Every structure is written in structure tokens, then in C-alpha cells.
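In the part that follows, the structures are each spelled out as C-alpha cells.
Note that chain A is present in both complexes that follow, paired respectively with chain B and with chain C.
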Partner chain A sequence: MSDTKKKKSASSKAATPVTDAAVAGTASTADGSVVAAQVADASEPLALGEARFLTSEALGWLVEGLAAAGTPAVAPAWAGDAGRAAGGVGDAPETEYRVVSGAAELALGERLPRLSLKQFFLPPTEVLFSYKRNGADIELTPAQAARDTVVLGARPCDVAALPIVDKVMNWDYADELWNARRAATTVFSLSCKVEDDSCFCSAVFLGPAALKGSDGRLTPVDGGYLVEAFTDKGAAFVAAHADAFADLPDASANSAQAEQFRAAARERVAGNLQVDHGRLRDWLDHHFDDPFWASLGPRCNGCGVCASVCPTCHCFDIVDEPESVGSGVRRRNWDTCQTCVFTLHASGHNPRGDQNARYRQRIEHKFLAYPLKFGDVLCTGCGRCSRACPTGQDMAEILTAIDARAAEDAS
Partner chain B sequence: MTELQDTARRLLDEGEVKVVIGWEEGRRGVRPVFVTSAADCDRLVFDTRCVHNLATFLNPRRSQVASLGKAALVVKGCDAKAVAGLLREAQIERDGVVLIGVRCGGVVGSPVAPDAPALTAETVASRCFACDVREPGLVDVLVGDAQPEPPGSGTLDERIAALDALGPDERFAFWTNELSRCTQCYACRQACPLCYCERCIVEKTEPQWIETSPHPRGNFAWHLTRAQHLAGRCVGCGECERACPVGIPLALINRKLQQVVLELYDYTVSDDPAVPAPIGAYATDDTQDFIK
Partner chain C sequence: MTVTQQTQSDSPAPQAASIYQPDLVVVESIVDETPDTRTFRLRFKDEAKAASFEFRAGQFGEYSVFGAGESTFCIASPPTRKGYIECTVKAAGKVTGQLREVDVGDVLGFRGPYGNVFPVDDWKGKNMVFIAGGIGLAPVRCVIWNVLDLRDQYGDVTIVYGARSVSDLVYKRELEEWAARADVKLVTTVDPGGETPDWTGEVGYVTPVVEKTAPSPDNAVAVLCGPPIVVKLTLPVLERLGFADDAIFTTLENRMKCGVGKCGRCNIGSVYVCKDGPVFTAAQIATLPQEF
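On to the complex of A and B.
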């Protein structure tokens, strides 16, 4: 850890809280439309004429300009907190996605942000509406409208999660708040260097430079970033801030360097996990009562940190909170299937009676139920669940173990 | 290490226990392991990365562990203190578990490292400074070599002193910022060996004592309540803070509680279950300064 970084971390402004005002959507303006690029990891760079150059300095003043204009810019930033006291979870300074206002806060391409980008589309808590009783009438105030927001430098695994969760949020009903935020947000991903051996994006149909969900992409090159736009929203952002985006100093060399960066990352992650999703799904479908599940439950604390940090876990709880006599708010908050009370019935019966059953649920939802319904997997291979687990539950290891059992069954 | 593995093997071979709960080398450092076969006992390790408090697995509500059968638990000082807490509060029976004590000279902050780091003032977990148990007393078997005192100084106490020196407004601002990141995931509770309630107060809805929404009001209510419930019970193992996905320095709260309980009740949590905690004992000379 460099001293400079630490100082930056300590002196940067406190984390801007994810206020309802910053990210809330509204029922009235949501049109349910979702603009998202559904493209696989491209090994071919775009035509050179379309790529632009964003120097590190220009990124800094782009962020400062957006803040001055009142447009929330979300980016990886040095964690604005006091630091763990009992001992850290790692030596490198921690980072987080937050609304940034200055260049010194930025931590693009540093340690993977603690929580995923999910919090800006499905906040840990949000107001659905507030109510006030006026005699016999009840006055309802809807949630605040979504604000135009730009995300700069999010990991491709976090960005790919957005179209994956779109399918859930537009299945049996259209989630107006989610959709409004999706429509109001332009997302530039950052080609990823690959964090460590817990990453497995390449094993879930993605890759460290995957385009899924990205309106545009930054790839590190000497002096800054090579910038590509893939959607109208992405191109519109580049055009609206044309002063920040320059011509590439040496288009051919810069593109080659960017592709070299992406290729090295692909190679780095490829060995972390390889599974056959078809046979894995078949195995899950036929082994609900397999003794394997009893090997996963005992270690699990049942805390659901895996779900909190997961970019694709999307379950929520809805609560009514009185503010005073006759008035209050209805909120929705993150929830997780890993807790005992998630499925606890009023009768006292719990269909998922122990952690073996709850952990099985986590795996089966991600790699069986979601794929059968939506044809993808509910996982982007970011590896946060493995890194954040206090007891060492390891998703890549678990998928490897299931795949090995599936291979045995198939033979 | 061999001594630990041999002890576990003997307990399983002789049928005294059905499972030995200890630590193993995982793909990413060490982690808890549940060994049910004598042939697997060579997986057991103990080194400076063994930070987890294994007493959490004795929580009788963890039916997926209880169903494995009678357990032997590997305990270092902080694990033994937590087991003593469970005994003191009648959560488990003493003859329901075999305790394999390991001598401990301190641990590092994180279990994630390819090899056991040497303990230095930089690597040692700050909580180890406040622990005086090199050799747990609440054990059936004791293994391992004698250990020196952990290196390092009272950085935790220094941080608390710095907070104490602030005015109330500044201190409130500090905690407002720290707690603003809480998502009320309750990983702190789940990692705590003394948070064993069948139904946590935060899950009670009739009435709802604590708002479950992670806004400042709900987060303060949650953390203040948790602190109150752990005063004089917290063993200072720091697992809540390690489990926190957003880095809230909960160890500052826990250590402050230890200081307050020591000052008011002359009590330090130990691994002797016969010594009652202040919350469970009546003493005529208890301080009553708080009654105004």
C-alpha cells in the first residue's frame, strides 16, 4: 500500500451516501424500456475511427465537471472510511463505487470495489412511496424520479449483471424503479485486469472485457484510456463531453496495446474455472437430495454476505415504517435467501430448515432455476462471494465439485 | 500439528466424537473444516491464520452442524472464551463437546494468505493485544508449543482514546459516516459466537423494536442495540468486523465496551464459565452511578 494512496483515502471526502434523491426512480416516468448492449466479449476492436482517447487528467476533470453540473458520476473510489480496527481483510486499501466529485477519489482498476454496482439500481434501502392520512383521505407521494447518471469504469462483471437482472425485473411485472434507473444511466465499463483466482467470468459466458450491459468501454493504455461506445447512449455521452475525449495519439499502437491488455486478462482468468453448464444444470435438476449439499451447510454462517456483495442477487423485503401518527413510508430493502427467516412460515414451519437447504437454494437459483427460465446464468463470475465469505466458502471450488459429479454421472 | 491431528484421530477412532471442528488449508488460506473420518485428520492445521471463532458452530440452532453428532472443537483463547460464554448462559452442556485447546500467540487480521505469516507488530490482529490467554484453560486436551506474548502495541486502544478525545458532535459524525455504509445484512451477528438467539430482536415485528431499513435511524438502532446486548459478553474475537462487507470498524465498539465493563464492574471476559458475567450476577457493591 503506498502512502500516497492511503493519504488520499483518509483525506478524501466521506462517502456520498446513496440517497433516494440521487438514485430513486418514479412510477410515472418509467417506460419500462431497457437499453442494453447484449454483445459477447469482443476480441476485435471497433473501427479505429470510433475509438477515442481519455487521458487520466481528462478523466479527472470530466468527473469534476459532471459534479459541478450536478450529474451524478459513479466510479470506483478509495473507500471513504476510517478503516477496519481489528485487522483488515487484505492489505490493499479498499475501494467502493460511489458518486465521485474529484480526481483524487478515483480508484479505477485498483482493488475490486467492496460492493457491486447493484446498489445504484437496487439500493440497499429505497422509498417506494410515502403516505399521509388527512382525515378520511390518504395522500400518497410516489418515489422521486430517477436522475440522469453516468457510470465510469465499472467492472464488466458488475455491468453484465444489469441485463441479467433486467430479465427478472421485467418478468411477472415491470419493476418501474429499476427500469427508470436503467434508462437514466449510461454505463462505461473498464476492461478488467482480473482480480485474483476467485474470478471466473470466462466460465459464465463473459470475460474480463465483456460488453454485456455496457454503453461504452474504457481500456487502459499509456497515459489514459481507449474509449469505445457501443450504444446510442454511450455515443451521446462521448459527444456531449467531446472536450474530454481526444483523438488517439497513435490509433494503431493504442488499439494494439488495448487488445494486448484484454488478451492478457482473458488468459489470466481462463484457468480459474471451467465447467460444462449443460451437465451441471442436469446434475442440479436430479440431485435435490444429494448428500453433497450437507458438505456445504456446516461451514456457512447463514449471513448472506455472498448475496449482499453479489451483483446479480436481487431479492428484497418490503416494510412499512411509520414516521409519525398517520404518516409513514413504504420501503424496500435488500434481503437474502441465506437467512433462516427468509422462508420461515407464520406457522413456524420452514421449508428450508437448515443451512444445507439454504446453500443449495443459492446454487440452484443461480445455475438451474434462472437458466431454465431465462437462458443465462445468475452469476457473472466476479468472485465477490468467495472473497467476502467469512468462513471460506468458495464458489469456484463448489462449481468444480458439482461439475466433477456431473461428469461422473454423464460417463 | 501432528499432536493436533493425532488427538483428533484418536477421538474419532475411539468413537468419542463424530466430528472434529477445526481449520484446514483451503484454496484461499485457512477456513473452518468439519472432519468426520479419522482418515481425514491430516487436513487439520493451526497457525497464525486461524482467525475464525469456531465456537459459532456450537450454536444449538445450527442444526446442520448439530446433525453431524457430538463434536470436538479446536479452541484457541478467544474460542475458549466464547465456549465459556455459551456454558455460562446455558446454551450448551459441558459434556456435549470435547475441547482441544491450542496454545496461541496471536493471529493475523485475515485468514487469506498462501502461508502463515510471521507475527509482527504490523501483521498481528490488533485485538490480540487485549487477550491474555496464551493457553486456554477450558479444555479437555491441550496441544501445541508454548507461545510468546503477541507482538505489537495497543493500536486499538489508541484509536479509542482518539475517539474519546473528540467532542460528542465529532464522535457522532464519525459514527454516522461509518454506519452509513451498513446494509443491515447482519453478517456481524451471524459471525458472533454469542449472538445465538433463536429470534434476534431485529427480526421481531410485534412490536418492531428496530427498523430493518439501512438508513441512519435503523443502522444506529441496530448497532447500539447489538452493542448493549454484547456488553460484558463480547469476547473481543473481532469476527463481526472481519465479516462486515463494508468495513465498519466494529472492533472499536467492542473494545470500548470491554473498557467500560472493566471500569464499572471490574470484569474481564475469561474462559472460566464459573465466573458469572455482570449481566447475570448481583453484587451489592455494583456501581450505581448511572442512577441519577
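On to the complex of A and C.
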């Protein structure tokens, strides 16, 4: 067991992957005791002896044990009582990420949760500090500290968003509230079966089993999950709950099955969208005034649901909320560049005065500005914006249309 | 991390103050500039903070009225005058409206200084041309006093300032002071119809008055601030007068919330006005999408 731990710890040095593919070949270690494949791309065979087995039953105990110990465990769970049926969208009950306490709530690998994992790191609303008047003076009390939390079975697209958003939260000024939650949270992703035609993770440098942001990963196999740890945090969690994580019943067969699952998913998503990001960026950079943008605004209500469901959208508002004459809280709330008031000056002047400009901002920020500034596309291809849009804006369709124009320009 | 062994109470201890928590400042004095615009002089409550606080011309802050919220204003006093900061605020929204009710001695919040700076050190020996419209004089005033406080280090100083009407001119006492100085050339103007019977300044919009004043571009730097329309119309005039596009400086006044490059509101393309600005040269402005 100690030998296993040592290897896991060593392997964690290589665990800041950008994509499945990017990891392959980079996972060499200082002492050479771990083969690269252990944390490598799913196309490589798994190193035997490193992965653990979490039975579906053990996952239930684990969640119940964590709840009993007071550690929030966030997992995909049935939304509403006994899995409320989704209204008009499909037959399968909806799911959501939430703090779970019982096995019956768990819905790993079922429908894509309605909201991304973002809410556990950047809550829809949070207290930044509270203020209290004391005579002429004012007393400020900072927000509460983050709690140790574990995430079990989040989609790789949701998990990959975390290190992407880390960048804006830490250039120059460090957002301690975000960072504290990141530091206090251990995240295990779940290799994804691919939801539907709106998924396009493979078109944004990720994949249905991408490791980006994951401390560990679960992959469905017969009877439960094959579990890998990629960081010290992930390995420590597995070690601390060794009773739940068993040896694989048949390491070779289990690994092969896990790889088969991931390969099938990769194949499933690959056809959904293909984009040449270099030429796409180049087109965006030179077509700020292109008539194309005027085709998007009229199809947008400016409701901003796309930003709410997006794992990477991070824009926020800061407002005061009085609780009495002399006291209250300052809050940070989710906001979106899609509303007409987002950039509105007090004078009435609005730099982005129409929905064409606001929709252009959404696309350009994600696929031009953020990559230029921070080196990452601000999109993980989860497809939630396309599924949620009441007017049928489809991100994959829009990117395809821009890419086609970019290809025309390039030729 | 040993997650399960750690029993957590329901209310974890507060963490350290975040970047969003302001310092407390006390209102030391208030000047009513116009019927809707006031200048506040603020001093940090914490003496150590007051002593260590430094900023440079062009920077801004997030000012809090607790219960109403935060608003973004430049620091309108010069960094050459220590111990306090000033901001000049026009009542327009929730926070600025609430600032109408603030009295001397009240406690407000301040986060900053944020943003980049006017390169005033690089301008030593240059002739300075200041152009401002309306409340845009606030950021320019910071640089004007910075230069005048180090008067022998700079060349000629020309100021062109315009407002909608005589009653909308801010810093009236300072305008008189500048007008009286032999080492400052001050041209004030009000929009047509905004003049009073005893108005002796120009009548006309800022842009044509700049054209008429025709400051020399030789060894000169122009600092231009005002409503977006004034900036947009005056930039080409300055270029026609012969100012190079990297000798014209302005500030962009995009709406902000966080001030520290997170909240996304002030984005213009890949630029965060709060971090990469608010000071930009005309050359830089020309490369930006026209979203300001």
C-alpha cells in the first residue's frame, strides 16, 4: 500500500494536463518508478496496479460517510423528489450538482446536470463582507472561509473550466474567495459518455475524458468505477478513504473496459464540431464590423441563460443589500454581458448598444480575447448554452459558420 | 488532506479580508461644485494605511457608500499632495445619488488605487496641453496639479476646458486660480446657450474651441478627457493640429465593478480598461474595437 501511495504521489507531478492528448508522453517522473501511461491519455493502456475500484455500492457508503463526517460531497444527483421528469425536453429525469448525503440521490453519468459545477466555486450569489454601523463608525466583517469539499463524478467539461477560470481570477490580483474554494475542494471527474449532438468538447482542446482540472477520475466499468488519482489531493483522498477504494477485480479486463468506454465516447463527440482555432481567432480579430454579427443579435433575447449555465462565464456584479438601517452585506452576483444594462453608463451612453454587439462580445471574449490574454479558449464545449437557449442559438452552429468564413478568407 | 477526519462546524471562521473589501475613509471636506456635482476629500481611517498609501496620476478607485454600493471614480487630487485623496462625483445613479446625502465626518469605503498611470515622469520638459469636457476635468485636474506642483520641470501649460453651461463648470475656484497664473494659459468655454450675461470665456463646444486655440504640437503632450463624444470628436482635431498619436493621452470611462480585472464589465476586445487602462494613447485607442 505504501508503495502504491509513493507511486501516486510521484505521478502527481505530471498531473497538470492540458488535454488528454497533451498528457501522453509528458508523465515521466523524477525517479522513473512510474510509467507515463499511468496518468496519460486514454489512448495509452493504463498502468496496472495504479487504478482502484469503487463499486457503486461503495460510492454510496462513501457519500454517506462523508455526509456523516460533515464534509460536503458534491455529485450529480436527481433533481427534485425521486427524479422529477424533465418538462418537454426529454424523458429522462433531470439532474443537478448538489451536496448529497445518500446513495439514492446519486445520478452519476445520467443526464448532464442542469447547471455546471461553477456554482460551487463562484456561487450565483455570495457575501463578500458584511457591514455594520456603530455610531459614526462602520465595522466590516469578511466572508466565511471555504469548507473542505469533495466533488465526485463531475463532467470533464465542467472540471476543465476550473483551471481555465483560475487564470482570470489570478492575474495580478488574486481572488481569494475563488482560490480558497479551489484549494479546499478535491475534484474527481467522471469519464463522460457524451450527452448529445450539442457536445463539442473535442473541438475546444478537451475530450470526454479530459483530465484538465481533475484531481482524479472515475470511469464506469462493470459494477462500479475505475478510479485514478492525478494530483496529491486526489491521491490523498483515495488514501484517506481506502476502505471504499478496492483493488480492481480484474485489472487487465477492467482497464480495457474503461478504455473502451472512453474511446467510444471520443468517437461519439468527434463528429459534432471541428474548428480551426487559429484561423477562427484571426477572422474574429479582423471582422469586428462584419455583417455576420447582425445575424446573431435578432435571434437573442438577451436573457443571459447561456452565461448562467456556462461553466466558464464568470462575469459578476457587486451590490449592497441592506438588512437594516445600519447593517447589511455586500454581495457578488452572477452577471452577464448579454443584458442591455451590463455596460450602460450612468450618463445613458452604452458602448455595446445593441444585441449584435453584445452577442459578438460573447463570442469574441470566449474565442479571441481570453485566448489572447490567458492562453485558453473560454469554452469547454459542454453545449449547455445551445441546449438552454430559448431562441435556439447554437454555439456549435455559430462556430461552424465563423469557421467557414475564416476558411474562405484563408483560401 | 484528510477530509473525513475533520469535523467542521456549521459556521466556519471568517477568512481574511478579500480584494473586494474596502478600506474605511472619513469624509474630511465637501465642495459643492455644481448643483449636481460634489468633490469629497477623504482620509484613511487607519493611520498606517494613510501613511503608506501611494498612487500616481491617472489611477482610480472603487468608492463605497455602505448600503448603496460601490462606484468607480478617478482620484482627482494629485499624488504630489499627500495624506488625502479627492474624488469629484456627479449624481447620476444609486451610489452617486446617495453621495448627495453624505456629510463631513461620514465613513465611506475605498478600494484602490487601480489601473495604469499617466507617464508624467516621461513628460518632464514637455509642453502640456490639457483638454477636458464636463466632469472629465477630474482626471485631468489630477495631472494639472501634479505638473503645477512641479512647475519648473515642465514647459508651457495650456488648459482648454468646457462644460454645458457656466453652472456646470467644476473646480471654479481652481479655474480662477489657473486663470490668474502667468505660467498657465486657460481657455474656458460653455456650450451655446449655456453662457450667462457676465460670461467672459468662449461660447462653443470643446472641439472647435481646441481647434481655434490651436495649441502647438511641438515638444508637446495632450491629455484629453471628457464624455465619449468629446473624446471621439477631439482626437482627429488634435491629429490635424499635428499631435502624434502617441503624444495624445486619454482615459476610457467604461463601466466597472471590480476594478481588478475579474468581473468582465469594462472589456474592450482583449483589453481590461481597469487593468490595461484607464489611460490610453490615441495610438492604442485606434487599435481597439470602438466599444467605449
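Here is the rule we use: the second predicted complex is superposed on the first by the 359 of 411 C-alpha atoms of A that agree within 3 Å, B and C clash if a C-alpha of one lies under 4 Å from a C-alpha of the other, contacts with A are read in each partner's own complex, and residues count from 1 in each chain.
What we mean here is this: a residue touches a chain if its C-beta (ideal position, glycine included) is under 8 Å from a C-beta of that chain, and two chains touch if they have at least 3 such contacts.
These numbers were taken from a predicted model, which means no experiment stands behind them.
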- Task: With everything superposed onto chain A, say whether chain B and chain C fit together or clash.
- Result: fit
- Message: One more residue to check, A:G80. First (chain B), second (chain C), both or neither?
- Response: first
- Of the partners chain B and chain C, which touch A:A264 in the superposed model: first, second, both, neither? neither
- Query: When the two structures are overlaid on chain A, which partner does A:Y131 contact: first (chain B), second (chain C), both, or neither?
  - Reply: second
- Now for A:A410: first (chain B), second (chain C), both, or neither, which partner does it touch? neither
- Query: Is A:Q355 contacted by the first partner chain B, the second partner chain C, both or neither?
  - Reply: first
- Message: Taking the superposition on A as described, I'd like to know which of chain B and chain C A:A256 touches: first, second, both or neither.
- Response: neither
- Of the two partner chains, chain B (first) and chain C (second), which one does A:V319 touch, if any: first, second, both, or neither? both
- Message: After superposing the two complexes on chain A, what is the shortest C-alpha distance between chain B and chain C, in Å?
- Response: 5
- Return the residues of chain A at which the contacts from chain B and from chain C coincide. 317, 319
- Message: Could you list, by residue number, the parts of chain A that touch chain B in their complex?
- Response: 14-15, 17, 79-90, 94, 96, 114-115, 124-125, 197-198, 294, 297-305, 307-309, 317, 319, 321, 331, 333-334, 336, 339-341, 353-356, 386-388, 390-392, 394, 396-397
- Please give the residue numbers of chain C that touch chain A in the complex, ascending. 1-8, 11-22, 24, 64, 66-70, 90, 92-93, 96, 105-107, 109, 227-228, 253-255, 257-258, 260-265, 267-270, 275, 289, 291-292
- The chain B residues in contact with chain A across the complex are 26-34, 51-52, 56-57, 61-65, 67-68, 108-112, 124-127, 156, 159, 174, 177-178, 180-181, 183-187, 189-191, 203, 211-215, 218, 238-239, 241-252, 255
- Please name which positions on chain A make contact with chain C in the complex. 65-66, 69-71, 128-129, 131, 133, 136-138, 140-148, 150, 168-169, 171-177, 180, 186, 233, 236-237, 240-241, 288, 314-320, 322, 328, 330, 332, 335, 337, 342-347, 349, 351-352, 357, 361, 364-365, 368-370, 372-373
